[in-house]
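The following blocks contain the structures, represented as structure tokens.
You will see chain A twice below: alongside chain B first, and alongside chain C after that.
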Partner chain A sequence: MARIEIEDLYFSYRPEEEILKGVRLTLDQRPTAIIGQNGAGKTTFVKLLKGLLRPTGGRILLDGQDIAGLSAAKLASRIGMVFQNPNDQIFKNTVMAEVSFGPRQIGMPEDKMRICCQKALEAARLTGLEEKNPYDMGLSARKMVAIASILAMDTDTVIFDEPTIAQDHVGKERIRQIIRGLAGEGKSVIAILHDMDFVADVFERVIVFMEGRILMDGSVREVFADRDMLERAYLEQPNVTRLCHELGYRGVYLKVEELLHET
Partner chain B sequence: MAHVTALHLKYKYPGSDTLALHDISFSVERGECIGIIGENGSGKSSLCQALAGLIPGFYKGAYGGKVLLDGQEAAHMDADTLCRKVGLVFQNPFNQVTGAKLTAYEEVAFGLENIGVPREEMHARVREAMELLHIYEYREHYPFDLSGGQMQRMAIAGVFAMRPEIIVLDEPVSQLDPQGRKEVFEAIRTLSGHGITIFLAEHNMEQIAAFCDRVALLHEGRLICMDTPARLFSRDDLETYGVEAPVFTKLARVLQVRGQDGLFPVTLEETKRLFMEKRQTGAGVLEWLE
Partner chain C sequence: MKSISLYEDKGTFLNRTAPESKLLYILTAVSVPALTGIEWAGIAFIALSALLLLTGRVLKKTLPVLGVSGFIMLTVVVIQGMFRRENMTPVFSLGPCVFYREGLYFAFQIILHILNILLSFCVLMLTTKPSDLIESLVRRGFSPRFGYVFVSVFQIIPQMTETMGIIMDAQRSRGMETEGNLLTRAKAFLPLISPVVMSSLVNTRERAMALEVRGFNSRCKKSFLNPRVKTAADRYIQAMELALIASALGWRILLWLM
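Take a look at the complex of A and B:
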């Protein structure tokens, strides 16, 4: 697995407006959710990790090596990123062409590519739709195409920018399984999310961004127990956690199953 | 007279061989807030577009039945009348923003300019809508420099500013953070309080339950039922239709905590009240957590 260390990261699009103001952390194997208000710097942060933007200060080390020195192809074979809006990512006219584009670009051998694409299509439940044009598919299905095309690259770190947007119950369940599957294979998963119930259910570590800084970094339970901190970041506890708090329970319960387990 | 009526509404997209909307009938009173739920592909967006007249006005295909707005058939209204009557907020603000304007302020004013609202009134309405959605401070920003959440609020402001009688929102908060969602819902609630009829397609059932007077459940283009959140979410066949009840309802169902009407609670407040009552009467529920 990859070890990613972020040292004093600064970034601004315009000199007078700093987006990231000194972010310091080390990513580990725990599935990690990044939460925070719109505009807190979450997407900018993951774009820096993926090398799509260059830091204005600080560095990002991948296995001890500054990613600024890595070629785009090299970085692409290590870190995959699913964009928030699939329209920003998808440009081929069939699902298969889209899904095989990445592996081909990073020089994956043909036979491995076939296996990876097939596995990715299966995970995203797109098998049988290989010849469809992604733009004839609905937004949620198109998002699955975007996810599959990153999974197919078999990178050891996968970043998701708001994967659950526009997904219904079944789609969310599928994404839950994909993330758990990646974690089970020992890959690092980092995801930006606004759905706190989903975070509580699927992730182990939570990083709270606020105004370009890390407000809190801890286990999902530690973070969701801290109501004052969440309020400062304009965030809320998961629904079950809120209910238990309202009922005056002392423990921090993250989901229905956990609460029922106590009986 | 009902404010909005659908009568045997049917629609099929060009080139498709299945009906996106299949014999849908309902009627809604002025000022009601109606949730629209269902799995992806169930017809939520198509229904939104039919209510706003984009089906059959913009999207061709096979159309049957009718949508009546104040007794008038939407399909026969001209665009000018229709857009004063009903406003549609798209799922993705990128599809709504014109791209023709250089500032968020001008973008919000776009619809008003097109229907020829007098200048002073236009400024007042644009400002009011932008303040309501907390985006007035971004009025000089280039629309595409805004974050997803800000852009969605700008799109909603553009619709609000038109002061339609009916507002249809197709998953309007899917791109927003919790605070942004809260702001948008508060703004919609304000409008709802002013007698505007609201249709809201949304996947977040906790929001739907807290917000809507009635909820329409769609499945494969058909209207399965249209009922109060409590009655709808107390159904035990929701899984069949690919939807989940709010987390509070799921918990109450497992513990069999019901209100006097025999229905499960659907919001945090109701669930809390019922759980507290149970505890006081010593009904043996949840003491284990003390």
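Take a look at the complex of A and C:
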């Protein structure tokens, strides 16, 4: 398990416009969702974690080591990141070649690579499609290819940027299982999301970003219970939570099952 | 998104002037000295362009343009000054290199032409929004299809640079070194270029369909979103430009007849 500490992180593309204004937090093993309005600094934050951008102030410590000295390519074996748009990533002619590209780049031994790729393909339900050309697949299937190609790298931390976009119920269910599976293996999962129901269903910790700062940080229940604070960040509670609030129930319900079980 | 156009709206007189007036200005600045063959006409137009650029508050932006072409102008001076066939009278020498009066004079004339053309184009390009320029040409009967192609270049190039950046990040995060020596960069090139080409092909098809759905090829007479801007000043300027060209042409014919 990787421990990521973020100390007073500042970032700006242009000096007059600060994107991150002093972010301080420690990421632990709990699957963590980052939510917030567009432009709150979520994607910038994960890019900094990944070493794709360099902070203008503050430090990021990965297991106690400052990542400033590591290139994005060096960090790749420690932290994996699935990009929002799979088209930005996929370039090989077969699913297998695409999925094995990352493990090869980080110098994974051949036999371990085979196992990891197989496992990743299974998790993304792509077994049997190894020789297919990703460009012949639909968007949601391509997203699965992109996810599998990061899973195959077997990193301690996996970051997802908007994993549920363009996914139907079946796709979301698969992603839910993938995230649960990663957490079960003791890996850290961080995801940027806009789908509050999915957050409530799958994640344990929620961090709310607003205008480059952390507005809230706590367990899913704590964060989603605070309707007023969420409103300040222009966010809504999950549907079940809202329904129960409207019905006048006391307590915070996060999932349909919880509600059914209770009543 | 970063713009590749050099244009910036500063609300100056030149920004408000119609693109046609500025196009006609280029024609005047280039044709009058060429037709009359009078050297100081070229110098006068260079001074006028510089003055216009100064009032348009874009004179500073012409410096990089002049810098790049300055290198070419320097080679003209060196080559003509030293090696022109008519060279007779030495003026000065730098070590073993002797520069001659005739060649230097010829180089001076060429530089005047280059500066004149460059600065008068700057008057148009630095103060006119590319889409406004194309729109005014389309209004005058220029094909809207080609107009679209020209305008879209200004959108597509920055868009592709942006996509390239994202794709580079996606591959870097999978452990590919994109920084370093030439070999590393060359090896990184292929994985980067194929998603860029693929996604721009896909985008092009989507864009073509989206345009078609909105009647791009329709044969009806098209209307324009922006009203035609032609002030009294524009009429006055254009009349003056035409008069200048006409009188230069008249002068030429008169010389020719005599």
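Methods note: the second predicted complex is superposed on the first by the 258 of 263 C-alpha atoms of A that agree within 3 Å, B and C clash if a C-alpha of one lies under 4 Å from a C-alpha of the other, contacts with A are read in each partner's own complex, and residues count from 1 in each chain.
In the analysis below, a residue touches a chain if its C-beta (ideal position, glycine included) is under 8 Å from a C-beta of that chain, and two chains touch if they have at least 3 such contacts.
Everything numeric in this text was worked out from a predicted model, so none of it was measured.
Once chain A is used to superpose the two complexes, chain B occupies space that clashes with chain C. In the superposition on chain A, contact is made by A:196 with chain B only, not with chain C.
Once the two complexes are overlaid on the shared chain, A:87 sits against chain B and chain C alike. Contact with chain C, but none with chain B, is seen for A:52 once the two complexes are overlaid on the shared chain.
Counting the residues of chain A touched by each of chain B and chain C gives the higher count for B. In the superposed pair of complexes, A:234 makes contact with chain B only, with no contact to chain C.
Of the two partner chains placed by the overlay, only chain C lies in contact with A:77; chain B stays clear of it. In the superposed model, A:68 lies in contact with neither chain B nor chain C.
For the superposition on chain A, the stretches of chain B under consideration are 7-15, 25-33 or 115-123; the one running into chain C is 115-123. Of the residues of chain A, those at positions 85, 87 touch chain B in one of the two structures and chain C in the other. Chain contact summary for the complex, chain A toward chain C: residues 47, 50, 52, 71-73, 75-77, 79-81, 83, 85, 87-91, 101-102, 105-106, 135, 149-150, 153. Interface residues of chain C facing chain A in the complex, by the touch rule stated above, are 163, 166-167, 169-179, 190-191, 194-195, 198-199, 202.
Against chain B, the residues of chain A that register as touching in their complex are 36-39, 84-85, 87, 138-141, 162, 165-171, 194, 196-197, 234-236, 239-240, 242-244, 246-247, 249, 251, 256, 259-260, 262-263. Interface of chain B with chain A (complex): residues 38-41, 91-92, 94, 147-150, 171, 174-181, 203, 206, 242-244, 246-248, 250-251, 254-255, 268, 271-272, 275-276, 286, 288-290.
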